[in-house]
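Listed below are the structures to be examined.
Across the two complexes that follow, chain A remains constant while its partner is chain B and subsequently chain C.
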Partner chain A sequence: MTLGLINANPVVHAKKERVARSEDPHADDAVDPLEIYDHVRDIRDPEHPYSLEQLSVLSEESITVDEKLGRILIMFTPTIQHCSMVTVIGLCLREKLKDCFPPHFKVDIKVAPGSHADEESVNKQLNDKERVAAALENPNLRQLVDECLYSSEL
Partner chain B sequence: MESHDGEWSLNELQKLEGHTDRVWSVAWNPATGVAGVPPVLASCSGDKTVRVWEQNPSSSSWFCKAVLDETHTRTVRSCAWSPSGKLLATGSFDATTAIWENVGGDFECVSTLEGHENEVKSVCWNASGSLLATCGRDRSVWIWEVLPGNEFECASVLQGHTQDVKMVQWHPTMDILFSCSYDNTVKIWAEDGDDDWHCVQTLNEANGGHTSTVWALSFNPAGDKVVTCSDDLTIKIWGTDSRKMMSGDGYVPWNHLCTLSGYHDRTIFSVHWSREGIIASGAADDAVRFFVESKDGSVDGPSYKMILRNEKAHDMDVNSVRWSPGENRFLASASDDGTVKIWELVPVI
Partner chain C sequence: MPLFQWYHSHPSFLKQFSVTYGWFIVSVHFFHLHLLMKKLRDLYGPSDGIVGEIFDTLGRYFPIHFTHPKGEDVDVTRDELSRALMFAFTSTPLFEPFAIPLLLEKLSSSLPLAKIDALKYLSHCTLKYGADRMEKHAVAIWSSLRNIVFSSSQEPVLSFDCESVDGIGFSDDDIAKEALTVLEKLFMQNSVLFLNLIVNDEDINLIFDNINSYMNFSNISLQSKRKIHGVGCILATAARSTVFSCNRIFESFFPCLMNTLGISILKPSDNMSPSGKHAVSGTLNFGALYLSVIVLEACRDLTVGSAQVASFPTHETFCCMLERFSASLARDFISYVGRGNETSMADVFLGVKGLQILATFPGSFLSMPESLLEYILTALVSIITENFQGTLSWNLALKALVNVGSYIEKYHESKKEISYMVVVEKIGSLLTAAKCMMPYSRKLEAVSEVGMSGRNYMLKVVPRLEEAIFTNLSDLYVNGYMGPAENTVRLLECYTNKVLPWINNSEGFDEVLHLFVINIWNQIECCKHFSTRTEEKDIFEATMKTMKFAVSNCSETSHNAIVQKAYAVVSSCHFFSWNESAVNHVEMRGLDISHELKLSIRDRWVLSLFASVIMAIHPQTRLPDVRATLWLFMEMLLKGHVPSAQALGSLVNKFGSKANGQSTLDEAMDIIFNTSISHADSAYGISMGIGDKSTMNLADLCFGASNSRLLQINAIVGLAWIGKGLLMRGHEKVKDIVMILLECLSSKGGRHLRQDSGQENCEQDVSSSVMTYVADAFHIMMSDSEVCLSRRYHANIRPLYKQRFFSTMMPMLQALIIKSDSLFQRSVLCRALAYIMSETPLVAVLGEAKKLTPVLLDALLMFSKDNLDKDTMYSLLLLLSGILTDKSSQEVVIENAHIIINCLTRMVSYPHMMLVRETALQCLVAMSMLPHSRIYPLRTQVLQAVSRALDDPKRSVRLQAVRCRQAWSSSPVTT
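And now, the complex of A and B:
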């Protein structure tokens, strides 16, 4: 029984078919939004045994890259308006992506507009790098993040 | 006040490598870099250590003199030397503040201050070295009294900020404390003569203040102006009537003088005002910028102009910029790229 979960009955979608991406040795510096998506689509939701993709928290459209400015924007959609796991999802995204692109790239993570009751306050917390760094040093949060990142293939 | 009207250049003197994680802060030892004493700099990092660097006088190159480790169990976020240069305070995400003393070339942790409920974000000594202020994510600001024998006693716990407090800075000459926070405000704290500290003013959006987290603040040498920087992408200058302030006749408020916007497109983490009046900023776009008061200021108040931007000062975010206390234009910067850089700002003739 799913007792105590904030959103006990999430809508689960089928996994989207994976397209094999070609290995282009000359594209080392290019940051491909679809490649980034591949890195994060299978992150497990903190509350449910499904991936962020399956719960439509993330989709290919979630990721936008501005190569010229060196910016990556990830917009995700929490399953419900009062989701309290948004900050954990943000931590998972940052931790998973930390070595995935050149160091000068900046990553901004936000909830999709209108998708959360405390949108502004959540977005502020998700992008305060000092708060993110401290959270990832917290053993309890760290363990939860690791479970989301490293649980076995679904 | 700098008199050079032409161009400036920022020369990288050296890159200090050694930390194995991002470097959050740097602090120059105020008793060094003068009177033939080689300059000394401390840096603190996500690698849980503090490094002390010294410049070799004959070669002019910097080397790591000491690594202060095995004390903090989490990120060391802030470091500050006492005015005498004899003690170094370090604030950590492990919720403690450590006090270090140089004992015959080795740095020893002589005291550990506990009290904050969670991450300590900033430490600062007052001008006389008799008080130490700390602040953190628990929203509080602590004032500690420095007693003989490296003893520290909590003098006051200041509540008022409604969120994470990012930095504390004492006024350069008076025992007035400024703090800035994730709650978008700057608070000013003073003592009423009875050892009772309280908030005497809050600089918020209503009085021309910031609209997002205020990360840092710095006083001008005269102590009648303060610069603040924020996640709202602006730098703001505030001022007070210094003559009234010095006369000690009750509290004299600070007012917004000027906002510098359009110069930064990502969070500004650090600002520092030099002896000569040059404001350095370090930001999340990897750049370091310099501002001075413009002579075109109107009757409405001073205006400032940017005299230089070094776009790729570091490979990643610049977390801290600090002018050297010596008779030079040396600047130290700390970055997410794990390095500290020593720069010299030179006029181009």
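And now, the complex of A and C:
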């Protein structure tokens, strides 16, 4: 028996145009949501050869950042309520941000309110350091996360 | 056998091969398909069956979806394939019943690329299939195109800025632009049919029926804005296509628009005073105003484009209608601009735009009375002079004036030029009008922009600018620095940076420039005593720059006169004591520089301006007295006057080797190097036993023959500029200068510099600073100077002089570095070599990468300690990145991987320049490509440095850091 896809036919959206930043040397270059979004928008979906941006799992508006306090909060929206890949997406986001920002940034990753059936437990799992570390020790999961992060399929 | 012949002999092939072969091969064959189709037509005649079958196969490839991997060696692009398919589509008109429906169907696709392709194909089909065949599809095509234009996502408000005053349209929406292109072709092909479609179109008529509801721009819904913009563009495209269309559009829509705006026919003689309050004749209606302006613009474009064609009838309906309304329209436009704060940006934009269009109608089509043109121009000028606080209206009015000026100049509208000249006069007089409250920078902008719109205007404007410069300088000389110095500096900068480059590209200004320069000298000559408050550094530098620019733009003949004049003024100054007896005295006894440099403010101005003249003249210019000039500059450079050193460098660069009656370069070099210089304090001369007890030459001074360190530094700086002049022309004498400098850097010279120190520690610092100046001399020699010795200032520049110098100097400096006996001396030598390397083209340095890499890294580390030489450091880093990415240098890089990474990880946190940090990270990414075994031990070090860079204050550095970290984290595959 072959396992079917969890969401066989997701809605694909167009990629937004990349905003070219001004090259003003005196510009305020504080970390902003767009910078974070630029890092994570091209992460591949674990199921489909589309980016999280194309599947509207993420948007610039769903990211908040406070540079002074060193806090980043990402709210993402799974394509369906019962998406079992939601934790993998969360892991990918966490791994990616770990590579892109210095360790003093505290990253909170949550699913958007009402977007997932197990919202509470998913949020708890995604922000539990031990469970995240344990998950990444699982070679299969690690491989899946790496494929999503460094995929050249897109 | 040619391909199409082969097809010819195998008619069933086409059907087969597209099934048998992959799409790619088929696509390549599109190139030949249009030839094949002609043959097929001959074979089968107009048989729908086979044509339909063929098109069925062909149509499947539309739109071309080209996903061929880039890496493969296929010499074809998507555009080429798409073009080939387009030619295939239009290879025979027989495809028309199949192609047009297909393209129309694709127009409703959501893929932008498919839409653009479909529109391009439609354009081409229109031309190839002919009017009769296209007529069948007219309604369908019109409705598709109209929908595309109406649904364009671009909001018209975006285009209401100063930049778009040249043209309203879909600047960013390629699909809408392409749709309008198709429409234009259709109008040209079948005007009557398509104009009927426009005139009877429900959507367009709906806009006109409801036009009264589009009163205020801000109250119109986005949907309606798009529709109005779309209608405007369609009407403009129609009006622009042919005279017939233009007439029809005017007849059908113009009366309605005028009616809505409440514009009645007005005689030009009616009350039209721009200065008075404009009786608001019309009704404020954005929609009607917008459509009127856009249609007028199209009509103007049509007439301007056809102005050269003699066959164009002059009394067309639209011309007559426009003539009747022009005066009222102008008044209405002015009222839109002049409604002050009540008016939205869009109304101001359209008002100014309308005025500009009316003023730029060719006189042969629209016989506008002169009074009307003057009325329009005066209105624009009054916006500039009175409304200078409103940024948008001011900028728009100025731009409109400039456009009108350029138009008059370009199309030789002599009648209009008379009226425009009045405007130029008025704007020019702003500079000297004390009553005008306009900020000075705006005055300058207005004057220079209007002047630059045409040669005749510039000829009027330049005297005004020069008059202002003379008045300001005269005030400065007599009364000293009284008011804000910025105004004078701005004035000079405007003249130098905007007006002079423009003049340089035009003809007939030589006399003007010549007079300007001579007048500056006359002015200084007349003013014998400067106020003590004239010491204003910014104005002084700006004046020197202006003098250099102006002189360099003059012709050779003018240069002779200018130099004569300048020399006459200089020779009348008290510091210039070179009469005949003095010259003999110098020859007999040498230069005496015992007395300190105490130039008065006037002397300093005169000397610096003279140096500026000398820096900017042509090589062929005759100097009145070469020896005296050389001695003057020698004396002044030793007294620390850098412009004199630069002038001397320029002189030796430009001297001819054989001159008629002129001193030759050799003589000049003889004077420079062998003139004995006397100084009161010359302990070294005594101790070394050089010459008599109080005279030395330039080289001795560089070695520190005088106890005055300042004098030694001045001599070294002077020598550097002379060396630069010689180096650029590729003269062998530069070797002597280099030897003097190297002697100063070598252990022997270094000892000289330290030997005479009574108090070791204190003197050590002084001699250190002297050696740093020696290293800096190489920087002066190699770097491109903006001040003098450039192409702009007519310097003699030998090709590849930098490469030659590099290859000569590198072994010498390297040998000295090896022999150096102190850390300090080594660092100074490294610095000198670094300056040379950083200015040498990369290709030349790459060949020597092996020898240079260690020195390069040393120099980088040395420069990273402070922020004084960050530009040189950046150049060196670029050089290093060049070495890292060059395949032939891989061996050196692998060999030195450890020290390179050591150096780069430090550069990553260089606080003074973002580019250095960014480039260092890029270099580290390049290093990650090296063999795994070589770089693995360095991985931790790099990752630590890079993780610090993730917290960099600059975004671009952070992005590079992420890339670098990724490159170093993932296991390298190279082994």
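By definition in this document, the second predicted complex is superposed on the first by the 142 of 154 C-alpha atoms of A that agree within 3 Å, B and C clash if a C-alpha of one lies under 4 Å from a C-alpha of the other, contacts with A are read in each partner's own complex, and residues count from 1 in each chain.
Basically, contacts are C-beta pairs under 8 Å (C-beta built on N, C-alpha and C of every residue); 3 or more make two chains touch, one makes a residue touch a chain.
Predicted model, so just to flag it, every value in this text is computed and none were measured.
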Chain A as common anchor, with chain B and chain C clashing or fitting: fit
Which of chain B and chain C A:134 touches, first, second, both or neither: first
Which of chain B and chain C A:35 touches, first, second, both or neither: second
First, second, both or neither for A:150, with chain B first and chain C second: second
Chain B versus chain C as contact partner of A:101, first or second or both or neither: second
Which of chain B and chain C A:124 touches, first, second, both or neither: first
Minimum C-alpha spacing, chains overlaid - chain B and chain C, in Å: 9
Contacts on chain A seen with chain B and repeated with chain C across the two complexes: 103-104
Residues of chain B touching chain A in the complex: 22, 46, 74-75, 77, 93, 118-119, 121, 137, 164, 166, 182, 212-213, 231, 266, 284-286, 315-317, 336-337
Of all residues in chain A, those that touch chain B in their complex: 103-104, 106, 124, 128-131, 133-134, 137
In the complex, chain C residues that touch chain A: 914, 947-948, 950-951, 953-956, 958, 962, 965-966, 969-970
Contacting residues of chain A [partner chain C, same complex]: 21, 25, 29, 31, 35, 39, 99-104, 150
